[in-house]
Amino acid sequence: MDADALARACADAMWRDDRASAGLGMRLEQVAPGRARLSLAVNEAMVNGHGICHGGFIFTLADSAFAFACNSHGLHALAQHCSTTFIRPAHRGETLVAGAVERTGDARAGIYDVRVTGGDRAVVAEFRGHSRTTGEIFQIAEG
Amino acid sequence: MDADALARACADAMWRDDRASAGLGMRLEQVAPGRARLSLAVNEAMVNGHGICHGGFIFTLADSAFAFACNSHGLHALAQHCSTTFIRPAHRGETLVAGAVERTGDARAGIYDVRVTGGDRAVVAEFRGHSRTTGEIFQIAEG
Amino acid sequence: MDADALARACADAMWRDDRASAGLGMRLEQVAPGRARLSLAVNEAMVNGHGICHGGFIFTLADSAFAFACNSHGLHALAQHCSTTFIRPAHRGETLVAGAVERTGDARAGIYDVRVTGGDRAVVAEFRGHSRTTGEIFQIAEG
Amino acid sequence: MDADALARACADAMWRDDRASAGLGMRLEQVAPGRARLSLAVNEAMVNGHGICHGGFIFTLADSAFAFACNSHGLHALAQHCSTTFIRPAHRGETLVAGAVERTGDARAGIYDVRVTGGDRAVVAEFRGHSRTTGEIFQIAEG
């Protein structure tokens, strides 16, 4: 299995399990080795009375993109430490896109950068995640 | 109005607006000047197939506690930058408690530390948030 | 050997090795299990033309306090990840004090908070360090 | 004056003032709008007894690269918050290179990523810095 097929197979296995991301309405747009892109439409339940999205949902979208990217190499990986800078508010009705890219890493640990953009492509948040592999291998059925 | 009454009035005004925190099932347990404590029971919609809570919900709980604490002084404050370390997983059915405490700050900016603990009082996550005031003042009706 | 004596013995072993901290003029003021306090006078070589201390020296002082605190339990520990917020400038001639306190931890990993204060006791910087033990044990001669 | 010439003029003005970076032995290798590269040879005074460089000097090099990059647009900018992940030790005699690149920013605030590499081009540290402009403009003499 090549690296791209492995990344997709890992993502399929994760997505089946990940009721949280699906339940919030996230869509897995793309996955590749060390990369992932997810989107989320900001709805009524995610905003405060002024129509501004709670930062927790922006983080959760970025964290899911990070998870799909750092689990794309065939080994289970967990988030250890994440930091997020909130740059502009996100609004009800806006579709956010989070693109995660591996910055550095080896078999044990990695650093991933995630940019979250809004409807106008402007940057809503910048996220950096640090992952660590657990030693467990994805169980992937051969086609 | 004394500092404690002001903190409660700000929290009441925020809570009325904050459909997101209430919608996830959070409870505002306590608020005081520079401090807040919120709780959240981890439910089916927050977990993956292994019963482990998505880190985004742990962050969101901590972020809400941070927001109530940094908005307790009568001035609107926004999260600028947050970092979180995930220490142990949280599980379905567990009630998480996030306690936020102001570490340092002045009228413009502040740093708040939030500890999230699980059912056994063990630490699930450590969060640090950086806030900045917007210049807006809470509109609070006198008694 | 009790925990306090062990902390002092670890600090003695580290200080003998640590030419960098001593060479910059740091003083080890106090060490205890999970805690350390170091000081540093800001000199001509640490400032720019406006007499403002380069942030790198403030970080280095905080990082040394973190190192003494996280190595106080008898096991070699290394810094993995550190973050610092610069709150006010430090000036030539000012003596900075960095106090490190363990926030959470177990035998493998820990989080330490370091506050750096200036001549007026005002906060100059807030630092958080994440450590990981290497498995190596301090070789300490019995008295 | 074009953006490249402005970046060089700002760097010249900063370098004249920055006794700290020069005093440690740093070299300014390159500067461009939103970018800077500096190098530092790890010497005897920067290491502990095992020949391992104190993390504070790695941070200081990265912080200087960040400062030259975020001050390249003609406005004075200050570091607000920095985080660093230490990936492998640096050794006595090794020349470290820190390359800073602007990730996102506007006239008031910016995020810069700095990678520090060692003699073998392997990554020693990853640094992210958050800057804020002060409102002051660089005084640059026209040629």
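Letters A, B, C and D mark the chains in the order given here, with residues in each chain numbered from 1 onward.
In the analysis below, contacts are C-beta pairs under 8 Å (C-beta built on N, C-alpha and C of every residue); 3 or more make two chains touch, one makes a residue touch a chain.
In this text, all values refer to a predicted model and were calculated from it rather than measured experimentally.
K.L.:
Which chain pair is joined by more contacting C-beta pairs, A-D or B-D?
P.N.:
When A-D is set beside B-D, the one with more contacts is A-D.
K.L.:
Among the chains, which has its CA centre at the largest distance from subunit B's?
P.N.:
It is D.
K.L.:
For the two copies subunit D and subunit C, is the contact made of the same residues on each side, with over half of the numbers shared, or of different residues?
P.N.:
Mostly the same residues form this interface, as more than half of the numbers used are common to both chains.
K.L.:
List the centre-to-centre spacing of subunit C and subunit D in whole Å, with centres computed as mean CA coordinates.
P.N.:
Here the centre of subunit D sits 23 Å away from the centre of subunit C.
K.L.:
From the mean C-alpha coordinate of subunit B to that of subunit D, what's the distance rounded to whole Å?
P.N.:
Taking the mean C-alpha position of each chain, the two centres sit 35 Å apart.
K.L.:
How many angstrom lie between the centres of subunit A and subunit D, each centre taken as the mean Cα position?
P.N.:
30
K.L.:
What residues in subunit D touch two or more of the other chains?
P.N.:
Counting only residues that touch two or more other chains, subunit D contributes 81, 83, 85, 130.
K.L.:
Which positions of subunit D touch subunit C when the two form their complex?
P.N.:
Residues 14, 16-21, 23, 44-50, 53-57, 59-61, 63-64, 78-86.
K.L.:
Mind listing the subunit B positions that touch subunit C in their complex?
P.N.:
Residue list for subunit B touching subunit C: 83, 85, 87, 103-104, 111, 113, 115, 123, 126, 128, 130.
K.L.:
Going by the contact rule at the top, pick out the subunit B residues touching subunit D in the complex.
P.N.:
Residues 81, 83, 130.
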